[in-house]
Amino acid sequence: MAWLDTRLLTVLTFFPLAWGVVGLMLPSGKDGKAVKAWSLVGTLLTFWISWILLGKFNGGTADFQFTENLPWIPGLGINYNLGVDGLSIWLIMLTTFLMPIVVLGAFTAVEERVKEFFFLLLALETGMLGAFVTLDAFLFYVFWEFMLIPMYFLIGIWGGKDRIYAAMKFFIYTMVGSLLMLVALFYLMHQHQLQFGSYSAAITDLYKLKLAGDGWFSVQGLLFLAFALAFAIKVPLFPLHTWLPDAHVQAPTAGSVVLAGVLLKMGGYGFLRFAFPLFPQAVAQYQMVFMALGAIAIVYGAWVAMVQPDIKKLVAYSSVSHMGYVVIGLFSLNTVGVTGSIYQMLNHGISTGALFLLVGMIYERRHTREISDFGGITKVMPLFAVAFLIVTLSSVALPGTNGFIGEFLILLGTWKTSQWTAVVAGTGVIFGAVYMLWMFQRVMFGPLKNPENEKLKDLSLREALVLLPLLVMAVWMGIKPNLFFNKMDASVAAFLERSVVKSAANDQAPSAPSQKAAPVPGASAKSKTSKI
Amino acid sequence: MSDEPLIATATTLNTIRPELLTMTFGQMAALSPWIWALGGALSMMLAAVLFKTWKWVVPALMIMATAGAAWSSTMLMDLGDQFLFNRMMLVDRFTLVFTVLFAISALVTTLSSMKYLDREGLQHPEYYILMLFSMIGMMNMVSALDLVVIFVALELMSISVYVLVGFRRADRRSNEAAVKYFVLGGAASAVFLYGSALLYGATGSINIQEILAAVEAGRAGGSLLFVLGAALVIFGFLFKVASFPFHMWMPDVYEGAPAPITGFMTTGIKAASFATFVRVMAGLGYGDGLAEAVQKHLHDILWISAALTMVIGNVIALTQVNLKRMLAYSSIAHTGYLLVGILVGPASDSGYGPIYLYLLAYTVMNLGAFAVLSALAKRGDSGINLHDMAGLSKRQPLMAFGMAVFLFSMAGIPPTAGFAAKYLLFYSAVQAGEIWITVIAVLCSAISVYYYLRVLVYMYMREPAEAGGSAGRSWMASAAVLAMIVLTLQIGVLPSRVIETAKSISKTAVPQIGQAGARAAR
Amino acid sequence: MSLPPVEPWVVLAFSAAIFFVGLFGLLVRRNLLIILMSIELMLNAVNLTYVTFSHQLSSMAGQMSVFFIITVAAAESAVGLGLVIALYRTLKTVDTDEITLLKD
Amino acid sequence: MTAINPIAFYLFAGVALAFSVMTVLRKNPVSSAFSLVMVFFSFAGIYAILGAHLIATLQVLVYAGAIMVLFVFVVMLLNSDSPSFDFRRTPALFRVAAGLVCAALFVLFVRVFKNSPPVLTPGAFTAEAVDAAGGNTRVISELMFSEYVLPFELTSVLLLAAIVGAVALAKRHSVAKPVSKKGVAHVAATR
Amino acid sequence: MLKLIPLFPLLGFLVNGLWYALIQSRPGAKKAGSTVTGGLASLAILGSFIVSVKVFLQLRGMPEASRVIEETLFSWIQVGDLNVPMTLRVDVLSTLFTMVISGVGFLIHVYSIGYMSHDETPGKFFTYLNLFCFAMLMLVMGANLPILFLGWEGVGLCSYLLIGYWYTDDEKASAGKKAFIVNRIGDLGFLLGMFLIFTTFQTLDFVEIRAAFSNSPTGVLPAGVTFETLSAIGLLLFVGCMGKSAQIPLYVWLPDAMAGPTPVSALIHAATMVTSGIYLVARLNFLYSLAPTASVVVAGVGAFTAFMAATIAITQRDIKKVLAYSTVSQLGYMFLACGVGGYVAGVFHVITHAFFKALMFLGAGSVIHGMHEEQDIMKMGGLRSKMPQTFLVFLIGWLAISGLPPFSGFFSKDEILWLSFASMKGSKVLWAMGAMTAVMTAFYMSRLFFLTFMGKPRTHEAEHAHESPFVMTGPLWVLAILSAIGGFMGIPPVISEVFGAHDINWLAHWLNPVVPHHVELNPGTTHAMEWALMGLSVLGALVGIFVAKGLYRDLAKAESLKQKFAGVHNILTNKWYVDALYDAVIVRPLVNFSKFLWRGFDVLVIDGFVNGLGRLSAWTGNAARVMQTGSVQTYAIMALLGLLITVGYLVYGLA
């Protein structure tokens, strides 16, 4: 298996696509059962491969691991350069973890063009994994754009009533942002050539660039804006979020889950991998702007979610709110905040993914997503209610669930950097509870008014199997977050090393060391052991 | 050679030089693509007259001729620069790669034409013969180092295509397109010629190399006469490639022409025009030898023209429902991107390489798209409106998939050829310091996504309006589409070879004079 | 009375005049045949420019070019007229106002 | 460079200019065509003055002879009477605009010609040298088959293409029948 | 061993929960009865109680200064400089709480077996109840703030679930939601307070924070910490307490929370959860005592809440609502105590209150149970004879809360009143409010008591009310005894002196290592004053009782009084219109503003802008199409214009 060690990431990335291509050749059968099973096996195998990766991953180092480097377009210094570190490993795991769930969840939802549907899902997985594992900025862009294609079709073909509008909007919105990023990327590659005399698009090389960074519209500032625009759209950050509600609502359940679960993370990951380490001075310059936007997104998303009549739209706006946390955590630029952000990305993938699945399940039964059509569902679907409740709690960040760890760390990190941002963002904790519980009440509680709801069937075994891993993870991640932190601590430290400007230009960064400078006498008491 | 004018004799003029009538082996070898093409044209004419079964023989010969030309061109890649015919013609990599491109264009057009012509009742040998002549014109255009040769080749290409555009003689659209094309093309040729006359006056030569030498020696680069001549010559090319505001003929002509011919024009003629444009720009010393003020002014003109071309092409394409016409406007938009390539060529590392790559990608995807349209069109090129595409993915999956790939490619989405082309181009633009035109370009391509994807929407996301009988299928067209899909994806996924090729031709558009022997300078 | 010898620029200006007269005709006339004639005028003006420079520079290239241009112009006219006839066959007109089917 | 005879030049130039204007502005195409012939003849004269004897001859033969015959033939063949003088149908604004653009360009051109003459040293083909080498025609024909063999050959291909094209256009293979809506008009190839 | 305390209820929760969710909840499946599920749950909590007592005994056996038991289970959150181990720690303070929680909890569990015997889904009920106990135990055993917060929100969750237990009733579900959300507002304060603590002390562990104080270089403040920071921390955390412990302005959820089953009200909304705010303040007493501003606010809010809630309680007709406002009022007392520095008094009142209020709630439950779910006291009356046992225990509870000696309420309440008067941080105003509250408490409790048990049955149900089974009355008796004697654990020195003993205030001594009982008194306070005030408050209570007796033996009198003060009565029945005010000022505007943001801003402005860009492109395209006339000449002249501009630019630019 030596070859596997050196080519593990390639195998991981392209396995789903290859598997999907084979799947296209399977007989359609009556309702595509063969294809469905085939795809499920494929995603499970991918998950297994990623487990191998995780098992061999060394959390103690910030270096890239499992690196592969082959010339791809040597003329421009673009290489097929793969590797993982602590920033990406969990996002990879999240992707491979969610995909079998998505596939299994879509078994009954898809009736038309089954083959294409599952092929696109698998292709999408390759695109997402590719974006996470690549260390070449250009290759990243390729995967980044490539992802749009399957998603576009998933929304456009299997979506709801306004699917075409939503698909177009999704595609073009994202494209506008990423194209400017492409220009900025070219500028960086060009700078590398000027400064080092050779072409390169490897991010480790680009990190070494020296770019003028004073002022709002310095070189760094403009480049940062170009990158940030792409990522902010993907995240999506207020006020660039309006594609999301449309895309989410119109997409089929599987699409929504992947969109919320993984695709949005691309934005956060992009900030982590590119925008921050490449332009530290610009980040310091724009820090407060983005923190303010993130805080606005949190509150705004929550408020707008509160008044949505459509469950899916509500969940979509809740994504805006939740991803706002990710942004402020990243821009807090300290270990706690950044770790929290990464963690929050995983949490959001799990809890919002589960929410979309749940919404999809009742949609399949009732063919409506209007909150007002429901009420008292607990009575007829108790198991569903339990699952829904746990997911809701995870979403409102109840301690003991994953959401709490993320939001706690983010708010704490933000507090260290900007107390007012933390206060504003903190109100999201309240409003999050407001919209989630209100929705939960209107859907699940109250009398069973609508006679159509009386015959609803509770979760089938398949559906329970779909939800179970998510529920377990939601709780598990709230109890043992250290398992996750262990693998990313070193990388986060290295990330901050690169991304925080050490000069006086950033008045926030030195605050952490200065506090450390005043040691607390009681700190040594930490190692007190149990007396029983 | 003595240059005492007072005792000039016949020998001093030395008008007959035997060495011009002999050729080295290399020079002969360099002509092999022409031999394939010309031989093909002549045998096709003969076959058309001699064989009753010309209907199969002529296209077969056509395929042979184009494939042969392409093959022999590939073989010659490492031959080195070959100057022929008193250095009026240069067979170098630049010429050869474009020859391959023209051959692909003609070959694929042939494949997609067969069934189409049957359907239209236009199956005539002249169709193929003229296409081949046109291809010969293109080949001579890119290989020419002499403005008059360029003119003659240009006319050879154009005249053949005028006829092809009007080939559906019973259709007034076709006629109208041909006449419009002819009138405006003729006028543009006249302007181009006027420009070359003025260049001749300013530099004393109509040979590109000598013009360049004159410019570099500072003899002409700054004179207004030269600048005016250059402006007119550039006008001629801007007209041919249809850049703003000289683009207006193009949509009408493209819409009126038979679908395969439109494909041929958008690829072959465009590529030939651009390649020659590059040669001529290099010959004028653009970016390398021109006086600074002239350089700056020409740069400004190209900048504005490129920007407006991109914008106009894309925004008008947004409003189109006829796919042929939409692709025509999209072609204008692509002209804009290509102009960026010319704009930045001299200042970037890849030189004019991005133009080649872009044209290659554009050729592949556009040929594919038009092959699809030719296969789908009903009589009289009807039935290729947007709403006719509804549900195509169910009726003709291959065609729909092909169209999707080509459209994604045109929109520049990875992993397609169009993306590879765009990134090399934009990268060069950034390298040349032209950030803002690049920004305009990328924003325009974002706009373009809308109208490209709209076709996909119809093909994949709508149900067919009526169960309208689909046009008959042709395995040749299918083969052509399939080949183009493969090429589009191949260039997109593994672009390194074509990028290397592109970079290798980048700086050699016009070799310095004095290389490889002297020319009879007059 | 003896006029001063004609400066070459006067000849050039004269050919430019012819050229623009041709261009003007192309713009304002609706009859395709006259438009074709206008193009011929333009080509002739170019020829004259070539010959003038050829004369001025004691170079043969200009005259050689004119030779080819004349040939090409002849061929072009033939094809052009052929197209006009084809158009006339379908539309029964040679008026450019009538051929605006393709637009927008 | 020999001096250009002013009287002859202005005579020919005047005639050419006048008839070119008539070509453009005559109502009747036949009249235009004959005006054009006059222009061609005048040009031939100017060529002769400039020492381009072969070109002058060709001008008369090809242009005034062949091309004009073709034109007149087509004009007669089509016999298309415009319902009114089409010049007047062009909107006045358009006419003015066209005139202004042409005039402006003309002014620009002349400005350039006058202020920026060629600054090159003359080449070898002075009138004397050409005469000594056997005259204009001989020099051209010798050049044609040595230095200019490529455009010459290419021109022959072009003529071939034009012939094929003209044949394709003129062949009576398809009846000029508009495609009917039902698409039944199957047009058979007559070969 | 410590981990066993929360582990038992957690196991109970898992067993009951999985059993219920996976098996009982299936459609058509047979539901397990309350005996089995409740028995299971009660056993679990009994286990906790036993371990708690063992731990308590163990602590007692230790030297006073080191009465701490700590157990680290695993490392919970460790990121950068933040280290939060999952550590349980029981010291003198928390051991009391664990015992009260598990003890009272056990009683209530047992009681519930009877109370919920007719319920459809007792499995679910006991699942929640066990989960609650687990969370509550975590709250008091957590060694650091995040664990406390875990319990803090956990109990909030259970409160939410149990209030909305009968979810098919929209109002009940809404009450649960309201409780959660209002608590969340407080939790934000808690979180921020926690952050401020972390940035100030670099730790969240109580012991370590305290160490920062004891190791302070100046002897008062830790290095680099100001009074302002401490006050800010105190205030932020107090916001959390306001939510959890139902203080103004966040008390509104508690009365609504009575929608839940009565045992829930007893356990969560009287005995345990709502007192966690006091626990927190007592736990951080070293911090609050150095935060003057925070202390003033705590005392003021406490006093005002006590007063206002008492006024509302006077006019309520729902038996549980009266008790609920009473709870709010008593919680106000506790904060008043903490605010004036009497942390021990606060804790003392927590414990006694837990006894007698649980007792009264359970008693009320028994009444409701006997009355077939009737809660309006106006429809009761004369239950003394129908439900004699309930009557007796309720009597004890009534006397305890009214503050009559020697019942438990007397001791704790009196200490609070005394401190609010005599402490350095106290004032006459605070005392006056406290004293008036005491009078009102006696009044409304007596009103409740008389209307319920005395007089004649006023309705059919009241006539046919029946006594509850032993499984319910048993716990009542236990609580009644505790309510009666519970006060002796904290006999104030001034009383013990009379009996010749020195200082037998056991509670104060016990708590001393964690909560110092020494309170800085105003100079010039004497024992005589303490006696006088004590007498005054007993007198006030008696006045309250007798006024109530006078009024409510004969309802006509009460009626006429109501007519006389109709305006005041209206305000009081409508709870000072606070709910309406919140609705009008916060809820509705927020919803409307959010709708505006959605339809007006999101859809119109942002999307309008985005779609507008698209439309602008298409419009430009259409405009540019106008040029495309189809006429050759137009094309030509456009091209020529372009040429003219180009040439002109070149010629003039270069000339």
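Of note:
Letters A, B, C, D and E name the chains as they come in the text, with residue numbers starting at 1 for each one.
In this section, a contact is a pair of C-beta atoms (placed from the backbone, for glycine too) under 8 Å apart; a residue touches a chain by one contact, two chains touch by 3 or more.
From a predicted model like this one, the values you see are computed outputs, not experimental measurements.
Common neighbours of chain C and chain D under the contact definition above: B, E. Averaging the CA coordinates per chain and comparing them to the mean over all protein CA atoms picks out A as nearest.
Chain pairs D-E and B-D differ in how many C-beta pairs they share in contact, with the greater number at B-D.
On a Cα centroid basis, the chain most remote from chain E in this structure is D. Chain C and chain E have Cα centroids separated by 97 Å.
Rounded to whole angstrom, the centroid-to-centroid distance between chain A and chain C, based on C-alpha atoms, equals 67 Å. Here the spacing of chain B and chain E, counted between their Cα centres, is 79 Å. Computed from the mean C-alpha positions, the centre of chain A lies at a distance of 36 Å from the centre of chain E.
Residues of chain D found to touch two or more other chains are 90, 94, 98, 101-102, 105, 108-109, 112-113, 115, 117-118, 120, 123-126, 129-130, 139, 143, 148, 151, 155, 158, 161-162, 165, 169, 176, 178. In chain C, the residues touching two or more other chains are 12, 22-23, 26-28, 30, 35-36, 52-53, 56-57, 59-60, 64, 68, 72, 75-76, 79, 82-84, 86, 89-90, 96-97, 99, 101-104.
For chain E, the set of residues touching two or more other chains reads 614, 625, 628, 630, 632-633, 636-637, 640-641, 643, 647, 651, 655. Pairs of chains meeting the touch criterion are A-B, A-E, B-C, B-D, B-E, C-D, C-E, D-E. On the chain C side of its complex with chain E, the touching residues are 23, 26-28, 30, 35, 96-97, 99-104.
Contacts from chain B toward chain C in the complex involve residues 147-148, 151-152, 155, 159, 162-163, 166, 169-173, 175-180, 182-183, 186-187, 189-191, 193-194, 196-198, 200-201, 204-207, 251-253, 255-256, 319, 325, 522.
Those residues of chain A whose C-beta lies close enough to touch chain E in the complex are 169, 172-173, 239, 241-242, 245, 300, 303-304, 306-308, 334-336, 339-340, 376, 378-380, 382-383, 386, 393, 398-400, 404-405, 408-409, 411-412, 415-416, 422-423, 426-427, 429-430, 433-434, 437-438, 441, 444-448, 458, 479-482, 485, 489, 512, 515-516, 518, 520-523, 525-526, 528-532. Chain B meets chain A in the complex at residues 349-350, 408, 413-415, 419, 423-424, 426-427, 429-431, 435, 438-439, 442-443, 445-446, 449-450, 453-454, 456-457, 460-461, 494-496, 499-500, 503. Per the touch definition, chain E reaches chain D in the complex via residues 633, 637, 640-641, 643-644, 647-648, 651, 655.
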